[in-house]
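Chains here go by letter, A, B, C, D, E and F, matching the order in which they are written, and residues are numbered from 1 within each.
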Amino acid sequence: MSDTIKCKEVEYKANVLIEALPYIQKFKGKIVVIKYGGSAMVDSELKENVMKNVALLKSVGMLPVIVHGGGNEISKWSKYKGLESEFYKGLRVTDAETMEIAEMVLGSVNKGLVGYMESMGVKAVGLSGKDGFTIEVTKKYVDGKDIGFVGDIIKINTDLIYTLLNNGYIPVICPIGMDKDYETYNINADEAAGAIAVALEAEKLAFLTDTEGFYLDFDDKSSLISRISVDEAEKLIEEGKIEGGMLPKIQNCVSAVKGGVKRVHILDGRKLHSILLEIFTNKGIGTLIYRSEEIL
Amino acid sequence: MSDTIKCKEVEYKANVLIEALPYIQKFKGKIVVIKYGGSAMVDSELKENVMKNVALLKSVGMLPVIVHGGGNEISKWSKYKGLESEFYKGLRVTDAETMEIAEMVLGSVNKGLVGYMESMGVKAVGLSGKDGFTIEVTKKYVDGKDIGFVGDIIKINTDLIYTLLNNGYIPVICPIGMDKDYETYNINADEAAGAIAVALEAEKLAFLTDTEGFYLDFDDKSSLISRISVDEAEKLIEEGKIEGGMLPKIQNCVSAVKGGVKRVHILDGRKLHSILLEIFTNKGIGTLIYRSEEIL
Amino acid sequence: MSDTIKCKEVEYKANVLIEALPYIQKFKGKIVVIKYGGSAMVDSELKENVMKNVALLKSVGMLPVIVHGGGNEISKWSKYKGLESEFYKGLRVTDAETMEIAEMVLGSVNKGLVGYMESMGVKAVGLSGKDGFTIEVTKKYVDGKDIGFVGDIIKINTDLIYTLLNNGYIPVICPIGMDKDYETYNINADEAAGAIAVALEAEKLAFLTDTEGFYLDFDDKSSLISRISVDEAEKLIEEGKIEGGMLPKIQNCVSAVKGGVKRVHILDGRKLHSILLEIFTNKGIGTLIYRSEEIL
Amino acid sequence: MSDTIKCKEVEYKANVLIEALPYIQKFKGKIVVIKYGGSAMVDSELKENVMKNVALLKSVGMLPVIVHGGGNEISKWSKYKGLESEFYKGLRVTDAETMEIAEMVLGSVNKGLVGYMESMGVKAVGLSGKDGFTIEVTKKYVDGKDIGFVGDIIKINTDLIYTLLNNGYIPVICPIGMDKDYETYNINADEAAGAIAVALEAEKLAFLTDTEGFYLDFDDKSSLISRISVDEAEKLIEEGKIEGGMLPKIQNCVSAVKGGVKRVHILDGRKLHSILLEIFTNKGIGTLIYRSEEIL
Amino acid sequence: MSDTIKCKEVEYKANVLIEALPYIQKFKGKIVVIKYGGSAMVDSELKENVMKNVALLKSVGMLPVIVHGGGNEISKWSKYKGLESEFYKGLRVTDAETMEIAEMVLGSVNKGLVGYMESMGVKAVGLSGKDGFTIEVTKKYVDGKDIGFVGDIIKINTDLIYTLLNNGYIPVICPIGMDKDYETYNINADEAAGAIAVALEAEKLAFLTDTEGFYLDFDDKSSLISRISVDEAEKLIEEGKIEGGMLPKIQNCVSAVKGGVKRVHILDGRKLHSILLEIFTNKGIGTLIYRSEEIL
Amino acid sequence: MSDTIKCKEVEYKANVLIEALPYIQKFKGKIVVIKYGGSAMVDSELKENVMKNVALLKSVGMLPVIVHGGGNEISKWSKYKGLESEFYKGLRVTDAETMEIAEMVLGSVNKGLVGYMESMGVKAVGLSGKDGFTIEVTKKYVDGKDIGFVGDIIKINTDLIYTLLNNGYIPVICPIGMDKDYETYNINADEAAGAIAVALEAEKLAFLTDTEGFYLDFDDKSSLISRISVDEAEKLIEEGKIEGGMLPKIQNCVSAVKGGVKRVHILDGRKLHSILLEIFTNKGIGTLIYRSEEIL
């Protein structure tokens, strides 16, 4: 490459950094909760990419908090022990043995993420909702049906999370909680992320998913919604316009915004840098659910 | 029970509390590292008892730090996955698959202990050596032999432990570390407890074991040593008077005292309240290894 | 004693400590004001016992504050100087000379208690209401009658008390105050204890008295009241059912609860460990006056 | 008074304040220990004057610490109780009864001074050496003779004094201490002031006395020494040139300077404002004992 | 001078200091904003005198904040550059070139004052309203007329001022601000002082002027008003009884008091020590504007 | 632009940010002193660019400190006042009038830079060495010749700079100081930057110059030195191989490194982003002077 071209490239790179300046200033010291799951957790290139994205957010002064799932792995290990995975309305039916496996697997995924972040020079601590009794739940009944050790969150105790954030650590949280009798429960990771973001009054809550965002009609790629106010989203729910798979996700987003989170994003975790792009550019990617009183 | 007897009993209880006063004052704010393992971790009555002991230490102002193993469970889960457990000179030969299982199992034990402590009203956080890169290791070779992902500790980073202690949490640590390339390693729990106690300049390091203490001759119950200075212990080692199984344990104790820990105790984890009795009475139980310059 | 019995005893003692755990946790960091007087201040065994009780409360993390009287001693020293002790409705008529003696005697008692506590390994500081102008009074008139330098408390300045508590000292306070012209006044010790407990929003206020508690009919030992809500107590006062000697004491307790103290106790200072038993057991001893909205 | 004269006077006053500026700046935040006793404690005009002087030092940012005696009053109260005052080499022979009186009297004087200071708008706290075990002593023997509860200071614990200074209080200390068995002892006030000044590394230690300063020949008023280095003072002591009454005082001053106090002053407590004049003017009054390496 | 007279003089000086005590105590830690300008800034004796006055306020614990102008100097430097000074209703018409000169001149005056204060042993920092964006303005229009870069204050950002005060510095502020587009503007110094005093909730705001105070009739020296409540002052304004030159000054004082400043003073900067006399004596000098609810 | 290309571009930008990550982490919390002058201060595009570079450094967590000159402007304003600019060995001969102008001009440049930074969302404060007596000098003599108010730095007082850094402000410093008599002096800006960097133990000191770096032979563009250890630089000086104009600059760099600054850079201020490129890439630009013991 000629020197002139190299010079141009270098200058171009500096311009990119300069362009990031207002975003860095805007989000300095703000809490960003990231629900990490799906392909972005399975594909190793995507995984490394997410880790780097999070490390960058932290390094320029934001306060990322990671909430992750561990889906596939739980089924895999259940099989080793001769158990079959059973689901009811999208939730894993969780008997005592499955719960034990789930806790093991989620713990392993959790510490794996922590190690990954440490390798990128950011300090991280892996938590379950048991640590500092961070997540208190009560048994969940779906349509009155008992599906075992699956919990509904009734309280997030933010003390430990704040202790870690204030001391420079990224909290990496797996969705396990305890009820008032200190029994262990599995929790839907999306719900956990939402409840934590609300409790921390987060600036942003981003879901890394395996879709490009929220489609009104999943089969019509042109129906992707870039931005929707929480009022509009509620109206769609009421009118029954949101189809099955997407419904709980959108409901969860709506709850988060109504609970105090400023902006909720549904991002495509299969794309490189989706987190960075969302934060550092003014081009909307994925779907944004925002407060109705906010003027975009 | 007659009122008079009840009254006597109540008064007696108050006297017990009063007797504890000087010990409470002496150890206030002092760090006590407890290596938790063996029967005390398997038997549920013993387990509850240990948890209560630790909760009491914390509640009267000491700073307990728990380091635990998970031995049996690792073998059990290895078997589910069709792996055989192999040992070399007392250390588990740890290939990648075994390491994965060990991390899962230790993580599960770890969070189980945390939940137990929370149920007793003390705040706890479960860590592995990956969190905050607390334990840095290098690959261990035994007699030049490669036994897989088994680590030698080269550094304890105390930042995270102190952050938790200063904020009122009991750190519960499982013996997993990373090397400089962020690979995961299994660590002998006794070694981990010793290294952590040294790094924290602990007042006490107590090993909960399945023996009454250190016998010069294991078959002769009368050879139990109550107290031994570190110099005397070293002399016994040099003279080859300590038999196989006990040797690494005693060496570990000696290293801890020489590294700066004030007193190291080998306690019988099969006895109820062994921790409390050691701390709150002046009757020696188990074996004490102390600094040679200390006057007993 | 045989080893087995000794072992049982030791284990029993440990159990006593464990039983205290929930109480220690419950009252950690809570302020407990103790009015110290009567036999418990005269009898040397009782005195040592009270000191130990207080030292234990402090050592397990509570924040005791002592308020004491000095009754008999004042009369004794007055006699040396040729003065006669005169009382009006239970209050010492206090001319300038008597006031001088009272201040000397209370100061001496005060520093004596401080020395005693220091000898038990707890840090203490003796205060009168002059120090840091902690107690501001105005001249008290009883039925319009001038009884000399006897003060009504109009303000407790808590700055100095909090400075001492925050730095680990037990404040030991004698009931002397100043009016706005910095004249010295004697104060009823029960009133001082009540006002200080209210100002500190104390968790508990305990009066060490020479009775077993509050009797509806002093001559009928079976009429001892274990627990009474503040509303019920007020009703008894209104109905004139509380006899002379007890009336001001109960009124003082009622004021304290209504002023914000959570629970007020009338304890028998003649019994060993009455303070400890009240705090560390769930057996009511003496009389408890509690907030009407509290559910026992 | 004519307006012009009034104006001149007012301007003159302002000039006086301005002249004080460099002294205020120089001593800001510096500890000044004042031994208060003699006429300045008996005469009410002098007393008020000293109190105002101390209040001013405090108000412009210095940190005064008062140490006082109570001589005459102790003898007076001893007499009431039918005891005779006996002295040996200038020290009060102190049996148990006398000690009790001394503690009462000193405590009363102590709180009296505290009240006086509070009346001038400065916060003060009265301490004896028992509070926070501030003064630890051992029994003093003079020429091998047992003179009762008279103590030699072996340790000043500065924690409580610093807690009070850091929170804006003037510590007012009476010379009572405890030995290691928590027995109460009387201490020579000059010795207490010296030991406290050394322990606090005071900038200045000022003795308010009933002389104009240190005379080489007490009968020759022209032999008053204005300034003397600690080396010169020691030489005079060695050469036996200091007469009886003055000897212990000068020895005490020498100890203080050698122990780290920067400057020690012997001031005439019978003169109004002697403290202020010493601090706020560059005219030497009384006698200054200074470090030999200091260049005046 | 005879010794006796010298002694009297010294004692007199000490009395002056003692008289200042209650004022020192009253204003300790209180913010006093001083508008510095006029003769007191031109005459070198007056200037030194003001600097010493301010140094003394700071040294005895008050928190002075200086706001200054630079009038004559701006005209002088404008002339060097060939510009003519033009005024409209008392405000300098400020084109871009004049603004550049004004910023230079005010900056120079500013750092000159800082150097002066440092020479008196007090720490000072010179600010313009640009530093930390302390003063935000919008373009001022007088009767709709554009007079260039003259600003109306819309916001005082107190962060930087408090940072400096909390770290022991005297802020010295020149009246320059920026609008929301970061353009530089000149501000009337009286307005700046008033707005800063209001934002800091100052105890006092003192204007050093070239008059003795506020005259109802400037030609009648006997019409000087010593004290006037803000209500009375407003009434005079409404009734049109305040003449031209004085009107904006009095309006500014009224705004300050209504904005929360406790007392505003118009002082004669041509008299030595006018600041000290105002603070340290109870003789009114100049004119005091006070809150109507205050009882003098 | 097609969507795919846009997408690629966006991804490319994200990669640029990720590449910056290790540099951001490496320099977080580190002090970087930038000597700002020459073309970069005159050309408005370059100026804006430098301001943005500095704002970015600050926003990602570094602690930039700016030291600037004001050369051309001083000559310009001198001329307005009819003064001629005279130089001796590269230093401006500075009589009292010229000093007055220099202070005005530097102050104006200073606040201009502050305003610029504020407009970019970073907080800044403009200082001269008079503020907080930050720069103490003594009169400089060049070859024994008196060149007026030109100062040699003898002390940097870092208190004020640290106060500002710790509170989030960028200090912008102009090279003016005072001697011990508080006289104002002009200082060479390069010397000021070097002394400040040494006093702050800066990580980096960067000189923005009007050359590409340090040429061994200025006429031979290929003689540009990219990196040179301080030992090598000193050797070149000793051997007389550095020509006139460059000599004082290199000597200044050598002093800075020997005084404790880790790395000193001579950068080309005429190139856009030279600061960013130096910090965020591993391509050497300009000339680096480094510690001899450092391994590159």
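Following the convention adopted for this analysis, a residue touches a chain if its C-beta (ideal position, glycine included) is under 8 Å from a C-beta of that chain, and two chains touch if they have at least 3 such contacts.
If you want to know which protein each chain is, UniProt gives these names: A, B, C, D, E, F = Acetylglutamate kinase.
This one's a predicted model, so the numbers in the text were calculated from it and none came from an experiment.
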{"item": "Shared interface partners, meaning chains that touch chain D (Acetylglutamate kinase) and chain F (Acetylglutamate kinase)", "value": "E"}
{"item": "Rounded Å distance, chain A (Acetylglutamate kinase) centre to chain D (Acetylglutamate kinase) centre (Cα mean)", "value": "69"}
{"item": "Centre distance in Å when chain A (Acetylglutamate kinase) and chain F (Acetylglutamate kinase) are each reduced to the mean of their C-alpha atoms", "value": "44"}
{"item": "Centroid distance [mean C-alpha coordinates] between chain D (Acetylglutamate kinase) and chain C (Acetylglutamate kinase), Å", "value": "36"}
{"item": "Chain C (Acetylglutamate kinase), residues touching no fewer than two other chains", "value": "none"}
{"item": "Topology of the chain contact graph, where touching chains are joined (line, ring, star, complete, other)", "value": "ring"}
{"item": "Neighbour-by-neighbour ring order, given that chain A (Acetylglutamate kinase) leads and chain F (Acetylglutamate kinase) comes next", "value": "A, F, E, D, C, B"}
{"item": "List of chain B (Acetylglutamate kinase) residues in touch with chain A (Acetylglutamate kinase) within their complex", "value": "77, 80-81, 100, 103-105, 107-108, 110-111, 114-116, 118-119, 123-128, 130-133, 159-160, 163-164, 167, 169, 176, 178, 182, 184"}
{"item": "Chain C (Acetylglutamate kinase) residues within the chain B (Acetylglutamate kinase) interface of the complex", "value": "10-11, 13-22, 24-25, 28, 52-53, 55-56, 59-61, 120-122, 272-273, 276-277, 280-281, 283"}
